[in-house]
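For reference, the structure I am asking about is given below.
All chains are identified by letter, namely A, B, C, D and E, in their written order; residue positions are counted from 1 within each chain.
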Amino acid sequence: MYMAKVVGSVVATQKDESLVGRKLMIVQPINSEMDPVRTEEVAADTVGAGIGELVLLVRGAGARKTQNEGTHTRDVVDSAIVGIIDRFDK
Amino acid sequence: MYMAKVVGSVVATQKDESLVGRKLMIVQPINSEMDPVRTEEVAADTVGAGIGELVLLVRGAGARKTQNEGTHTRDVVDSAIVGIIDRFDK
Amino acid sequence: MYMAKVVGSVVATQKDESLVGRKLMIVQPINSEMDPVRTEEVAADTVGAGIGELVLLVRGAGARKTQNEGTHTRDVVDSAIVGIIDRFDK
Amino acid sequence: MYMAKVVGSVVATQKDESLVGRKLMIVQPINSEMDPVRTEEVAADTVGAGIGELVLLVRGAGARKTQNEGTHTRDVVDSAIVGIIDRFDK
Amino acid sequence: MYMAKVVGSVVATQKDESLVGRKLMIVQPINSEMDPVRTEEVAADTVGAGIGELVLLVRGAGARKTQNEGTHTRDVVDSAIVGIIDRFDK
């Protein structure tokens, strides 16, 4: 899993049917010093995350096993926001 | 998922049967500032994307679960274009 | 698998149900010289690792096959701590 | 998928049984300008590619779904050559 | 798949049960010029590789499909040594 900051969202009218009605957020991976690492990606929001919030990301098949999975029998998603980070303990 | 720009296509006569009849596009991943990031890759188009368009990419098993999946019982594809990006909201 | 050092933990109240009750540790991948490599990530602890310990990480579907898998019928986790490293032999 | 150039092959006598009889080629990923990108890897050839040819690579589970899959009930391969590139259209 | 050199091993007493009795080797990925590339990782040995040998690595689900898979009904491994490289032909 990765820590990331939500920086925006993507608007796409023409898309795979399994993406209809889902919030596709632009996320910037960060480290625990809040520095950006690697490059932005796009993740399906499953926990109601808003722009500016710190979130927990999963990639790959795990992103198709989120709590609203039952509503998607076919799903192309390969990245999902699965938690909102309150704080880091170090 | 990743944001990318379609920059070309690949012509391959000799290929796995599951790739016959599919559009294999060369895509350059970008960030939301439109800067190129990482390196070009090749993705199967499933939404009718053309050269110059901004698209949403999925990688891995998700790329084998697109809306035309029913037509491919065996599929080697590991990257697919699953949406055309209209705009970024930031 | 990767070698990593546990550097902290993530507190997230709002999260996917499959993450409730699990310890989500911030880990810094390292090499066998103990130098940090790549960037921090977040892994579910399955062996009782504490901050400062060197651990063995798995990523992807393997992270959903740990010894306490039976307790999670649906699991979004894509990274897990699966061992505590005593030493490197070189 | 990735574009790559075949630069050699690997000879390994002692190996997993699922690799016996397969051509294991060393491939250098490239971009559409023919510049090398990232680092060499090893891919199972499934289309008769020779040294110097430009090829299409798949990684992960897709590499275990190639047209000769029927001959391998158990397969460790995680990268395969699935096409020979004739040209790029840009 | 990747070419790598075995540089050591990891000793871990406390670990997932599926790792008990397995040789966990530290491997440094290399290219065909024998230059180190990327960073060290840890792979389960399935072919009797020793320190200093050049080996073939698989990652992901392929690493759980090796010839001794029958002995592990549950397996967290995401990287395995599946061959010993005799030479490169270029």
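Note that a contact is a pair of C-beta atoms (placed from the backbone, for glycine too) under 8 Å apart; a residue touches a chain by one contact, two chains touch by 3 or more.
Bear in mind the structure is a predicted one, so any value in this text is a computation, not a measurement.
Trainee: Could you name all chains that are in contact with chain C and with chain D at the same time?
Mentor: Expected: E.
Trainee: What shortest step count links chain A and chain D in the network of chain contacts?
Mentor: 2
Trainee: Could you put a whole-Å number on the gap between the CA centroids of chain A and chain E?
Mentor: For chain A versus chain E, the centre distance works out to 32 Å.
Trainee: With chain centres taken as the means of their Cα atoms, state the distance from chain A to chain C in Å.
Mentor: Whole-Å distance between the two chain centres: 20.
Trainee: Scan chain B for residues touching two or more other chains and write them down.
Mentor: Chain B, residues with two or more chain partners: 60-61, 63.
Trainee: How do the chains line up around the ring if the path leaves chain C toward chain E?
Mentor: Ring order, starting at chain C and heading to chain E first: C, E, D, B, A.
Trainee: Taking the complex as given, what residues does chain A use to touch chain C?
Mentor: It comes out as residues 1-3, 29, 31-32, 37-38, 46-48, 56, 58-63, 65-67, 69, 80, 82-90.
Trainee: Over in the complex, which chain E residues touch chain C? Could you list them?
Mentor: 7-19, 24, 26, 39-44, 51, 60-61, 63-64, 74-79
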